Every structure is written in C-alpha cells, then in structure tokens.
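The chains carry the letters A, B, C and D, assigned in the order they are written, with residues numbered from 1 in each.
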Amino acid sequence: MYKKLKQSLYILLSPAKGNRVWDNILDYFLVILISLNVAAVILETVNSIYAVYAVYFKNFERVSVHIFTVEYVLRVWVCTCDEKYKHPVWGRLRYMFSLGALIDLLAFLPFYLPFTSVDWRHLRILRLFMFVRIFKLGRYLSAKELIANVFSSKREELILCLAITVSLIVAASGFVYFAENSAQPEKFSSIPATMWWGVTTLTTVGYGDIYPITLTGKILTSIISILGIGVFALPAGILASGFSEELQKRKHKHGTTCPNCGREIDTQHITHLS
Amino acid sequence: MYKKLKQSLYILLSPAKGNRVWDNILDYFLVILISLNVAAVILETVNSIYAVYAVYFKNFERVSVHIFTVEYVLRVWVCTCDEKYKHPVWGRLRYMFSLGALIDLLAFLPFYLPFTSVDWRHLRILRLFMFVRIFKLGRYLSAKELIANVFSSKREELILCLAITVSLIVAASGFVYFAENSAQPEKFSSIPATMWWGVTTLTTVGYGDIYPITLTGKILTSIISILGIGVFALPAGILASGFSEELQKRKHKHGTTCPNCGREIDTQHITHLS
Amino acid sequence: MYKKLKQSLYILLSPAKGNRVWDNILDYFLVILISLNVAAVILETVNSIYAVYAVYFKNFERVSVHIFTVEYVLRVWVCTCDEKYKHPVWGRLRYMFSLGALIDLLAFLPFYLPFTSVDWRHLRILRLFMFVRIFKLGRYLSAKELIANVFSSKREELILCLAITVSLIVAASGFVYFAENSAQPEKFSSIPATMWWGVTTLTTVGYGDIYPITLTGKILTSIISILGIGVFALPAGILASGFSEELQKRKHKHGTTCPNCGREIDTQHITHLS
Amino acid sequence: MYKKLKQSLYILLSPAKGNRVWDNILDYFLVILISLNVAAVILETVNSIYAVYAVYFKNFERVSVHIFTVEYVLRVWVCTCDEKYKHPVWGRLRYMFSLGALIDLLAFLPFYLPFTSVDWRHLRILRLFMFVRIFKLGRYLSAKELIANVFSSKREELILCLAITVSLIVAASGFVYFAENSAQPEKFSSIPATMWWGVTTLTTVGYGDIYPITLTGKILTSIISILGIGVFALPAGILASGFSEELQKRKHKHGTTCPNCGREIDTQHITHLS
C-alpha cells in the first residue's frame, strides 16, 4: 500500500511519465502557481501596487511556499522510485543536490530563514528562478530537445565564439583605453572601465553613456564594431549548421529501405551519403 | 442569372482564382486605393499638411469608405460560393468573423460609429491594418508560401526562442533591479520598470535613457548582453535550417527516377536518404 | 587597321576578356586612380586639409576628369565590338544608357556643367559612385558571382522581408504615435515623425534622440523590438539557405558517374537525391 | 645527450606533440601565468588598485618577464628540431620572425628597452596580445580547426562582405554629409567626420552622439540602416553555408561503402552526389 502510493505519486509528479488527466491538472496547476509567483515577485517591487496589496502578496507567498514545501518533501520521498536515485539515503541526497531540486528549494527556502539584519529581499529574487520549471514541463518537448541537442553538439564551437568575443572586448578595451584615457580621463579611467564601453559597443547596444571622441579612438572603434558583425554572424552560422545536422540525424533514425532493391539499409551508411 | 452574377463576382473578388484582365485591374485598383488610404492615415497626422488639405483628406476618406463598404457587402453576399462558407446564414457569419473579413471591416467601420465624446482618432489608426490586404494579393505567392511554411514548421522552436528571450529579460531585470535600485531609485524603480531596460538591452536597441551605473549592474549587463547575441543567433539558425528543409521538400515533390536502375522511386523513401 | 585597333582597345578595356600584362597594368592604374578620386572627394570636405591643398585637389580633379573622359569616349567608340551593342548608333546609345556607362559618366560630367548659381558641390559627391567600378574589376569573381546569384535566386523572399520590415515600421509607428503623441507632442508629432523612431528601433540602432516614455508606448516598443529580432533572423536564414543551395548547384555542374555501376548520371536526377 | 635534451625540450614545448603529464603541467602553468599577466595589465590601469599593490605588480611583471624570456630563448634554441626551421641560422631567424614568436617577443621585450622620454605604458599594452597564446593551446582543437577552415574557405566572400560594408559606409556618409552639413555644421563637419556616424549606424551601435536631424538625412539614414540589416545577414548566411559544407566534408573523409551493393565507394564520387 505504502509502496503503491509512493509509485503513484512518483508517476504523478513526473511530467513526462504519464498522460493521464490528473497529470495534466497538476501540470496546469503548477504552471499557473509558478507564473503567479513570478508575477508576484515582479509586482511586489512596484511600490504603488505593494502599498495597496501588501497583505495579499504576503498571504499568497505564504500559501505558495507551503505548497512548494509539501511538493518538495514529496518529491524527495518518492525520488527513490527513479533508478538514478534508488538508494534511500544517498539517492535522496544526490537528488537533493541535483540542479532541478536546488532550484525548487530556492523557491521556498528564503521564506524559512530567520531574517534579522540581512536584507532578505535579495534572496526573494531567487523565486524568479522558478520559471525554469515551466520549461521542464511537457509541452514542445521535441523543439526543446532539438535546441538542447544543437547547443550540446555545438558546445565547443559556441564556447570558442564566447572566448573570441571576450578576447575582442579585452583587446579593444586595452587599445581604446590608451587612445581615450587622456581625452576623457573620467570615463575611460582604466581598462576595466573601458571594458564596459567594449561590451556595449561589440554587442551593438550603444547606450551612449561612453564613447570615444579622439580620432584614434574612433578609428579603433570603427574597426572593432565592424569586426563585431562577425560576433553575431559566427554563432548564427554555427547554430544554423547545427540545426541542419540535427534534423538530418532525426530523419536517419527512422528505419530505411533501399529504394532500389528493397533491402534494409543501415542508417550508418546513409549518413555518409547525404 | 442571379446565381451566375454571384459566381462571377466571387471569382472576380478572389485574387487567386482567375488570371483574367478584370482581375488584374481590380487588384491594381485595390492596391492603389489601399496604399493611398494608408498614406492618408499617415499624412493626416502631420498638422502642417492636414491644415491645408483637410477637405481633400475628408473627401478621400468618405469615397474610400463607401467603396470598401460596397466591396465588403459584396464579399459577404458572394462568400457562400466558397465551400467553407456554404450555409447562407452561418457560413456568412463565419466569414464575417474570419480574420480577413474583420480586417476589412476595420477599414470603414469607425467611419460609421457615432463619435461623440470618445477620441475617435484612436480608431482611425485601425485603417492602417489595410496594408495586410496587400500581402494577400497575388504576387510573390511562392516566396510568401515558403516563408509561411518555414514559420509554421518551425513554430514550436520559434515560440521557445520567444520564451527564452522573455525569460532572459525577466531574469536579467530581476537581478539588475537589485543591483541598481539603490543607486538609481528613479530609473530602476521596480522590476517592471527595469524590464524596459531589459528589452532595450537584449534587443541591442540601447536608447541610452536607462543604463546601469554600479559595478554589479554593469557586470550583469555585460553577461546579459553577450548572452543576447544568442537571442539573435538562435532564431537565425532555426530559420536557416527551416528554409533549407523546405526547399529540399519542394525538390522531392517532383517525381524522381532512381539514378541506378531507372525505376521510379517513391519520394517518401528518398526523403529518408537525404 | 582601324578595325584591329578598335578590337584591341575593346579587349584591353574589358577586364574579364584577356589576362595579358597590359590588362593588369590598366586595371591596377584604374583601381588606384579611382581610389585616389574617392579619397579626394572625401578629404576635400575636411576644411583644414582643403585650405592647404586646394590647388592639388583641383589639379588632380582636372587630370582625373580628362582621363575618365578619354576612357569614356574610347569605351563608347569600341562598345560596338560587343554583340549586345553591335549597331553603330542604337548600340552605342544603348551602351551609353546602361547602368555602368551612366556611373562612368557621373564621374566627370559635373565638371563640364556650367556652375553658376546652383550649389555644384552636391553633384561632385556623385564621383563617390566610382567605387562601384572597383567591384566590377576582375578579382574575387567567383565570390561575387556566388553572392549575386544568391541575391538573384532569393530576390522575391528578400523583397518580402523588406516589405515586412517596412510594414512593421509603419504599423508600429502608427500605434506608438497614438500612445506617445500626448506625452511628447514635439518628438512624436506625427506618424511620419514617429517612423523615424520606428526605423531606429527596429534596426536596433537606437540613437536615443527619440524613445517612448508612456507605459503603453514602452509595452508597444517592447513587442516591436522583440519582433524586430526576426527582422534580422529572417534574411539571415534566407541567405543561408540560398548559399547552401547555390553551392550544391555548383557541385552538380561537374559531370558525375554513378558510384555503383560506373554509368554516367544525369545531374538532374542527382539533384532529387540530395 | 645535448641532442636528446633538445629533442625532449622541443616535444615538451610543443603543446600538440605529446600528451604526457609534464606537457599538461607546463600547459596549465603557462595558461595560468598568461592569464595572470593579462589580468595584471588590465588591473594596473585601475589607479586605486595600482596605488596599493604597485610593488606586487612590478615584482610579478619582473618574474613573468624572466620566465617568458627563458621560454623564448629555449624555443629559439630547440626550434631547429622542426623540419620547417631546420637550418641552425636561417631556420632560427625564420622562426623568430614567425607571427607566433613575435607575439611571444612582445610579452617581454618592452621590459628590456631603455625607457627614458617615451611613454612606455603604450608598449606595455602589447602584453595583452599574450592571450592569443591561450588559443594556440591544445583544447577544443576540432572546433578551432572547423572555424578556421570555414573562415579560410569563405575568405573571398567575407572580404567582399567587408568591402560592401565599407562601401556602404562611405557612400552613406557622402550623402548624409551633404544633407546634414548645413544643419549641423559642427557634427557633420566633413565626410570623414560623417563616416563616424556611418559606422555607428550601419553596425547598429547608435551611441547617440551624432545623428541626422534634417528630413533628407533621416530618410537617407532609414534607407541605409534597413540595408544595414543585410550587412549582418550576409556574413551570417555565408558562414552558415560554410559550416554546413565543412561538416559534410568531414563526414566524407571516413571511408564509405555503397548502401546498395556493399562495395566501397571513393568519397570523391560521393561528394558529387550530395
């Protein structure tokens, strides 16, 4: 009876496991509760709203936190049904230190901590991370998997892109610092200060709070920002080829028979052909 | 006779149905009328122009509205020729609530409403939506279909991109709000206010009306805006693979014979091969 | 003799026709002369430079104009060697009204016009167009052809992209005008004035001279600028698939033999396979 | 003995040659030393930090410079083990003038130069170039090779992109100069000054320090910045097709058997097929 209850709860709480009515109801309930919590965190910071509805915000938070606590405790209890976390003690501990469980924990833990002198509002922002859970729910699974696979198969190239971007920012900031420092000693006061200029320029944000005024600085900026076009084009090109590849792989997963002789073809061979 | 007239009108009013001379004349007439109406809505708002030509604008609007009204009534009358809207009452009602017919309605309905105290100019802007009708006309059909197919086949991935973008904006705004709020309490007054910063930063618009000045805020902004490069690269990559796929599908629609044995090959099989 | 001279001159003046030494010398001479002219047009506008070197600029312009005039006259004379412009009168006229010849003409015509009251400087800027001629010279021919082919095969899709971008700008400007007009009547004075905001926002330039301050305006801007990401992703995706296609076509131009049976394969069939 | 020591040192100093423990330790040591040097160059420019830790910076620089000097001398000594630099004199000289060795030299040479009246800080910035060495170390080799191959195979197209971008900036600046010069004679004082506007607009940085205010200038800017979307889309498309091609080439390198008859297929043929 205890085992069966645990098993049922485990299936109920795993979004991808069953497609029964209860699953869907629980899913929708969680999506709505998480969305409302995220909205609450956002709206609480608007003084004019908080001044009027403070009591509602507090009550809603209290109720939500209790629901999330119960859910978390239940998840830790039933996680041993999963092969990965089978051991009653170590399995549960490993589950508790998994990224997903830690994010779940962030949603309610700050509520229980004794807030005395520390500014507790900084911790409440962590409730925002709950929106990650919405991504884990069961919709658009195929698209999520596709994007995740592309990022994972192109991981090295994307990290290199990031390294190139950061290197460009550092190098550009170094040179522009020496070009601008004497003309604008307050804005381009040091290389780290110039790196703020580097980021806003290479990402083409360009707030306009800091920009070169000397000829050398402007020429360097021109070179850097034209190179910066590549900073956008490179990951776009990498991801584009990644998506093409991933979609070709998916096609090859389906069994295929030779169109000429009807014999089955090992998809491994076909991959070489296309 | 009545039936025949209705049928002829139906064919005349459906741009894709016939390619006769009358069709083209009506098409060009509508394109010009719609373009002039859109231009009129735009130019009316320029006070120096409106002050001089007010009477022309009013007359042109009156004439246009009557033409669009007649066209709308005729379309509702003949829509029963279409299989989808066959029923004389429900078919016509369903046609009237189709997106296309509602946009047509917006073009002239505000003109007939009794404007008393309400600021009617806000409704006249809806005439701008008429330009959507130009897209529905018969040119560049293949390109339109291609783009529409790509968006439809990549719908899930693009919605996920949008969700990731919005989540990044919300998360970034949450953190930057806590970093900047004490330094710039007027500009970063709340998370929703900070989200305006988030949008202008992640989309790299960067007006410069709101930007971080604290070290934490600048570091967070740097991380966010470098991640923001991915926000541009991801949909570009998805659409690129979508266009490649769609063009491959088009090729496969044509019948194909095996290059080896000359027998015809079911394109279904070929799809697996490529 | 006359014919032979004309023929030799024709071959000499057509960059792609011969690869002899004289051709290369003439090519390099023209590239340098054009580059110097473009540089001269640019530097003339710097008052501190022009004040000192005015006489050099004027002399250089005079010499260049005479060279370009002679070259133009010679080109018009020998153009009848080209099959396209065979007729001694109509062929020459058609050549003179070709885009290339008109651009050539712009390089020296303003010099001969009697400048009295008109501000002639506005015409001199047309000399800048000479740089187009550098693109026509013989280097990177394969890359130029590739890019030109992709733009030509994707012409319809790119025009649609442009139409979508312009429509988005117009629609966004219409709505933001009504949202911002009462709050910033000077900046958002009319829809055409707001379209300046629309362009700087959708292209993510964001100078910061004009931006919304009302809540409605900011929400509309957020939607528009997130949609604007697609404005960059769509042409990138179209061009990416265009380049892939074009490169595949190039491969298929080479004759191919079936890897299985050694028979030759019609590339037409192969196209269906890949 | 001497030869063996030289050979061992050569293998030790070439990151890609061996995968022994000592190699990894030396690699990690160099990565950390280079990173710390780059960090030192950056942080030295922050006055508040330099004021306190000047002595540490100076000592760290002295130690680093000695290490890099020893490493450089050793590399020059053992480089003759490489086939490319076999000759004891000319080979060593050719090695010393290779790009990699020159960058190594920049890291310590400024330290030894007698700094008297020249502002030596401008030379110290060259130490920043050391980060290039981190890219040369052995991680992500496959991704680096992929990106390098794509850039090399698409070199011509990318140079054309750059030429188109620069031409657009020059042409746009020429026209906007004539449109804006009379309205803003200080900001749009000459075409070179306007080119600063051109760069910040076409790369969509848009600092907001310089922007058109006349109607003509705004219309020209709108056209240019919409064309500027292509400036981002074109290299993205080129790189996307380059990555797809490169990945297909890699697949074909592996031996392949015909899916129909099981015989081995020369990959050369297959390339034509796909």
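Worth pointing out:
Just so it is clear, a residue touches a chain if its C-beta (ideal position, glycine included) is under 8 Å from a C-beta of that chain, and two chains touch if they have at least 3 such contacts.
Please read these numbers as outputs of a predicted model, since none were measured by experiment.
Of the chain pairs listed in C-D, A-C or B-D, the one whose interface repeats that of A-D (more than half of its contact pairs identical by residue number) is C-D. For the self-contact between chain A and chain B, the two sides draw on mostly distinct residue numbers; the shared fraction is below half.
Relative to chain A, the chain whose mean Cα position lies farthest away is C. Chain geometry summary: the mean Cα position of chain A and that of chain C are 42 Å apart. Measuring from the averaged C-alpha position of chain B to that of chain C gives a distance of 29 Å. Looking at chain C, residues 195, 204-208, 232-233, 236-238, 240, 244, 260, 270, 273-274 sit in touch with two or more other chains.
The touching residues of chain C, when paired with chain B in their complex, are 156-157, 159-160, 163, 167, 170-171, 174-175, 177-178, 189-193, 195, 201, 204-208, 211, 218, 221-222, 225-226, 228-230, 232-234, 236-238, 240-241, 244-245, 258, 260-261, 265-266, 269-274.
Chain contact summary for the complex, chain B toward chain C: residues 38, 41-43, 45-47, 121-122, 125, 128-129, 131-132, 135, 140, 142-144, 146-147, 150, 162, 165-166, 195-196, 199-200, 203-209, 231-232, 235-240, 242-244, 247, 251-252, 254, 256-260, 270, 273-274. Chain contact summary for the complex, chain D toward chain B: residues 204, 206-208, 233, 236-237, 240, 260.
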